[in-house]
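Beneath this line is the structure, given in structure tokens, with notes to follow.
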Amino acid sequence: MRSLTYAQAINEALGQALELSPSVFLAGQMIDYKSGVFGTTTGLVERFGRERLLDFPVAESLMTSAALGAALAGMRPVIIHQRHDFMMYSLDAIVNWLALWRFKSNGESNAPVTIRTVVGRGWGQGPQHSKSLHAWFAHLPGLQVAMPATAHDAKGLMLESIFGENPTLIVEHRSLFSMTDDVPEEAYRVPFGKAVVRRSGGDATLTAVGAMVPTALRAAEILAEESIDVEVIDLRTVSPLDVATLCNSVSKTKRLVVADPAWRSVSIAAEVMAVVCEKLGDRLAAQPVRICHPDSHTPMSGTLESAYYPGEQQLAAAVREVCGQSRRRRPHAA
Amino acid sequence: MTQLTHAAIRAAGRYTGLSLRGADPDLVKRLHRFMLRLRICEQALMDEYHPADEMRCPIHFCIGQEAAPAALHEELEAEDYLFSHHRSHGYYLAKRAPLGALVAELYGKETGANGGRAGSQDLSSPVCRMYGGAILTGAVAISVGAALGEQLRGGRQVSVTGFGEAATEEGIFWEAVNFAALRKLPLVFVCENNLYSMYSPQLKRQPDDGISRRVAAFGVPTETIFGNDVVAVHQSVAGAVARARQGEGPTFIETYTYRWNGHVGPESDDWLEYRSEDELGFWKDNCPLALLEERMLESGWLTAQSKEQIVRESSEEIAAAIQFAKDSPFPTSPDWQGMNYAAETPAADALLQASSSSQFDQNQTFSMPGPY
Amino acid sequence: MRSLTYAQAINEALGQALELSPSVFLAGQMIDYKSGVFGTTTGLVERFGRERLLDFPVAESLMTSAALGAALAGMRPVIIHQRHDFMMYSLDAIVNWLALWRFKSNGESNAPVTIRTVVGRGWGQGPQHSKSLHAWFAHLPGLQVAMPATAHDAKGLMLESIFGENPTLIVEHRSLFSMTDDVPEEAYRVPFGKAVVRRSGGDATLTAVGAMVPTALRAAEILAEESIDVEVIDLRTVSPLDVATLCNSVSKTKRLVVADPAWRSVSIAAEVMAVVCEKLGDRLAAQPVRICHPDSHTPMSGTLESAYYPGEQQLAAAVREVCGQSRRRRPHAA
Amino acid sequence: MTQLTHAAIRAAGRYTGLSLRGADPDLVKRLHRFMLRLRICEQALMDEYHPADEMRCPIHFCIGQEAAPAALHEELEAEDYLFSHHRSHGYYLAKRAPLGALVAELYGKETGANGGRAGSQDLSSPVCRMYGGAILTGAVAISVGAALGEQLRGGRQVSVTGFGEAATEEGIFWEAVNFAALRKLPLVFVCENNLYSMYSPQLKRQPDDGISRRVAAFGVPTETIFGNDVVAVHQSVAGAVARARQGEGPTFIETYTYRWNGHVGPESDDWLEYRSEDELGFWKDNCPLALLEERMLESGWLTAQSKEQIVRESSEEIAAAIQFAKDSPFPTSPDWQGMNYAAETPAADALLQASSSSQFDQNQTFSMPGPY
């Protein structure tokens, strides 16, 4: 099958969406230049023109509200933030309006707005350019949150969001843009709320999201050489969360490690641990472990960045810990 | 008056400018009827609020501010968009949304405009394209998007947004003005300057009484008018809506008016001593209904009898609406998931293929992004 | 000892802070009228004047940034939001500036700003007037978050925040304003990160926060009559979180119920379950349970409000569940 | 030129207005030296950036925009506040913060201005009261607070905030202007209008080239000036700072200028074709240094020799700073908790009593709050 980078897959999804329906338009700063938000919009303005790719003023808050308003006029807007940090200006629009639009209209009016947001990690982006607040948005009713880890899912979740009826946040990690995957040519969908088992194993469940998925897979490779058999789950969307896939795996392995590229406290990792413990809390063979960023803003300096971002070795160590903690008795199949 | 301001209006004494010369009698009668009906409905709700204590939600009444909704009621088409702030009832009725559903909403009933989910301050009627909300200036920003959507799809509909003078203190207001001017959107801003943000007077919050001047500096045409002259308000609104519909861009209308009732709820808040009896007296003396009725009586377009009939009909209408609300059932067994998320995906079903799954190559290396 | 309402205790704390230091000032809409934000500022303008109680324009975002700037000039600002929902406009100022001010200055500059925020629950406040996003703020490094449940703690945490060096959010539930407690007259402090055991018991740990604390205590009374002995923990601050007190209790009771007045997913309740399971996850006698608001915006209608907000009966039922689930063997003391 | 705009400046041809008449030669020499030093430092950093790839952070250079920082360098006291946006180096040096610490910060070293935590775009020097940050307009809003703090405590210090024309698109900018005007704060806004937000020209984002007109409508005095005439910029800044210090309120200065380098990083971004060679050529021809040097050479305030000396000294200084940065250690073993939270509470320790504990009465009933 055809291989595309994550950035190319997004670009293709956007191009197909613009083709499929005249109600789709994109808005964001500098989306109509060749640089095209890391290549994800490059070439689209030549095909669709400036009335479908709006280079928006630096007014993130209005951009979000305007997307909601345009949705009322039948449009399916996609708005784009070059950094997740920039969209902090738009939180009133999201929290008080977009996410509760359907609710306050008693289900009569939906707001199919897609918000793309890029997490800046890398090359000393520093504290105002590398946040990822996916935990916040997953706390919020009425909004869906996707964190595609592969080019395949980036395209399918983008299309599912644009042509779905709920407002959606798509969190894209800059470090994933150059990674490749098989990507079908047709306009296909990846559903919300369905995690995928990226690797099967019986010794421990390693749940990861977004940029931590490739890291988790590398950790699993390391552990395989030590005969530790890890099941790697890619959540794909953090709202809704696929509790069934999670619990199926943990009821088999009885051991859980969660890898989440975000601050540790009150994170998606905490939620994953909570939903698993709610169901299986008296049947775990080891205390669950989460591997996150420290509860600290992101430092610019390379040495501090290395200490800040966990890698495959830390994940592997965490899995060894949950496996070694109790006797290495293989749990019976659930 | 060179520049219209609240101070200048007070200084000029009782308003004498309302003129029916050249006006269409039917139009004037409709404006009058709308205002009188709105006044009677609001008064009935205020009277009912406390003794019964069944309308369990904050309500911001609009007695004294009937003119702008009346003008909008006249000019907006069913498919036009009208956005409102917390003081929503006039705007709701301006879009011809049903009175019974309004009152039932206040009572938190399943038959309410929003099934009792929203209440007065978050009221909307999507089918009538009226959308309110209590967070200041939020709906103004959304109204820009409806105008943008219409412009992008080449529609003929106009977006109108009504709000108070305090809404211009939120930064997003100026983002809205900048963008509306930049794109010449089919948008009408209606700013009801009633001098107060709750209890705080405008000059405690803004350097001067010159909102329109500030908006004009962005290149949006503005009109400042005495907001209790419904004929003048209607004329401004009609012109602005027509220009927007013809693709001539946005207009900002500032109507100087005054709220008689307390900021929220039916009871007076004058014990807070934020406004003088004199001031309230001045504005009651400049009642938008009374100013109009004086002229209508003179010209014979209104008689004691014809007024009495409107009063009777409106009183009966609101009484029936209150009864409807009281008789309606409360919502039960909430489906929280369905209330917050749509389950169906008709567009995606029609346009997209089923998902295949991929074989992500887990051995490829992670490349840390470069400089920017 | 002297009894004050929660609102009076806050009023006293603010008055004492204004007296203790000329660098303290308050800002917020309508704080200088007799109504005084539910009585919490009534009478202060008469004592301290309008230059120390600033009736701010309706510009929450600027108010927050201005508080930070004023702190750089040596002030200790207290800003006040009549509803938590209104401060959504100020999130850029908090997330990108206030919370990371110390970090980005490498510890050279602190920002002692206190943000008071009122949660509106009750009388059909509806979806734009009753949110409580304390989970969000607890996720954020660099910010402290207090949720005082009693008049005593409201005063002590307010003073500790105003005269401490970290930016702090104080979440006040409107339903607590009329509740009384013993409140010492002096200007005293209540530390951050110290939970309090409001009632001891050995059968289950019931952890609550803010408005759920009185509810939890009532649930404990109900259960006491059934001879179920509940330990009620009031977290008092959710950032920092007092993990030691939590784990001490659960290692004794082996059973955990968390009551959190907020949406269920990715909540403080999830974090409490996560920190407990991280330490004790393989030693629980029952699956932990959280009692939260549903993952839904707040309805206005009274019948829906009743279904939305959990009460003491639901808490009691949850405790019965965790106690009944496994054999009622009393765990040995830890 | 009636109204100064970018178009009017281009249309007028090469600038001829710079005049040294009546100017203090020492002042002019200091302005020149500052600009030349800044230019040389930025150029050296640009040259060093890529071959070495050791400055691992996004840097927004300011070649061509040296005049405003030079003017501020001249007028600000050590205790005055200076706020900056992402393009921070000129502002940092304007507050006399040490060059070595700047460069070490870019290299992410422990000896950096912020210990390598912040980098170029989030740079600050609290001890010199210079504060930057990369989120557009955020620092403008904070600068209002510093001015408010000074006003409330009766201090004499002035707050100055430097930013680009795009910062005025964020709503919070207008909240800042409204409040600064309302309270007549000791604040100076310095808007460097360099025509672009990254690659997007002003007229693609704003209805017209009239930011100053919009600000003036809030009652803030404004000055629009040709920003590459450092003498004019200095005069404006000096007047504004003096007025602010005397309690006469805020001033908004818009300096029309241009950035020669790419938006971010040392490499050109002209492959994006967002600006013409002609336009860049025009502005290089109107180099703020060259315009000044021509007049200084005429008046004998500068000679080839004296310039050569500044070049040599500055080159040595930046070379030494780069060497210092390279030789400095990287930060190690981070204390995440301490980096984000202060552990000490000196004020609370001094002013507050130890906590007693209370006996909360758990039997009191919960009272659901009333209407509002």
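Residue numbering begins at 1 within each chain, and the chains themselves are lettered A, B, C and D in the order written.
By our rule, a residue touches a chain if its C-beta (ideal position, glycine included) is under 8 Å from a C-beta of that chain, and two chains touch if they have at least 3 such contacts.
Values in this document were obtained by computation on a predicted structure and should not be read as measured data.
S.K.: Report which interface contains more C-beta contacts, comparing B-C against C-D.
M.R.: Pair with the higher count of C-beta contacts: C-D.
S.K.: With chain centres set to the mean of the C-alpha atoms, which chain is at the far end from chain C?
M.R.: The chain lying farthest from chain C is D.
S.K.: Take the average of all CA coordinates in chain B, do the same for chain C, and state the distance between these two points in whole angstrom.
M.R.: 35
S.K.: So how far apart, in whole Å, are chain A and chain B when each is placed at the average of its C-alpha atoms?
M.R.: Once rounded, the distance between the two centres reads 39 Å.
S.K.: Could you grab the centroid distance between chain A and chain C? Build each centroid from C-alpha atoms only and quote it in angstrom.
M.R.: 30
S.K.: Send over the residues of chain C in touch with two or more other chains.
M.R.: Those would be 57, 59, 61-62, 85, 88-89, 92, 96, 100, 103-104, 123, 126-128, 141-142, 295-297.
S.K.: Mind pulling the chain D residues that touch 2 or more other chains?
M.R.: Expected reply: 56, 58, 115, 117-118, 122, 133, 135, 169-172, 175, 178, 182, 205-206, 336, 339-340, 371-372.
S.K.: Help me check something: in the complex, which residues belonging to chain B touch chain A?
M.R.: Counting only chain B, the residues touching chain A are 81, 114-115, 117-118, 122, 124, 126-127, 129, 131, 133, 135, 138, 141-150, 152-153, 155, 157, 159, 171-172, 175-176, 178-179, 182, 336, 338-342, 344-348, 351-364, 366-372.
S.K.: Provide the residue numbers of chain B that touch chain D in the complex, in ascending order.
M.R.: 56, 58, 169-175, 178, 181-182, 205-208, 210, 213-214, 216-219, 264-265, 371-372
S.K.: Looking at the complex, which residues from chain B come into contact with chain C?
M.R.: Within the complex, chain B contacts chain C at residues 56-58, 108-109, 112, 115-119, 121-122, 133-137, 166-167, 169-172, 197-200, 204-206, 271-274, 330-334, 336-337, 339-340.
S.K.: Which of the residues in chain C come into contact with chain A in the complex?
M.R.: Touch residues, chain C against chain A: 85, 88-89, 91-92, 95-96, 99-100, 103-104, 126-128, 131, 133, 135-136, 138-142, 239, 241, 262-263, 265-271, 273-274, 277-282, 284-290, 295-297, 325-326.
S.K.: Enumerate the contact residues on chain A facing chain B in the complex.
M.R.: Going through chain A, the ones touching chain B are 1, 20-23, 25, 51-52, 57, 59, 61-62, 65-77, 92-93, 96-97, 100, 102-110, 112, 121-123, 141-142, 144, 149-153, 156, 159-160, 163-166, 174-175, 177-184, 186-191, 196, 198-199, 214-215, 217-218, 220-221.
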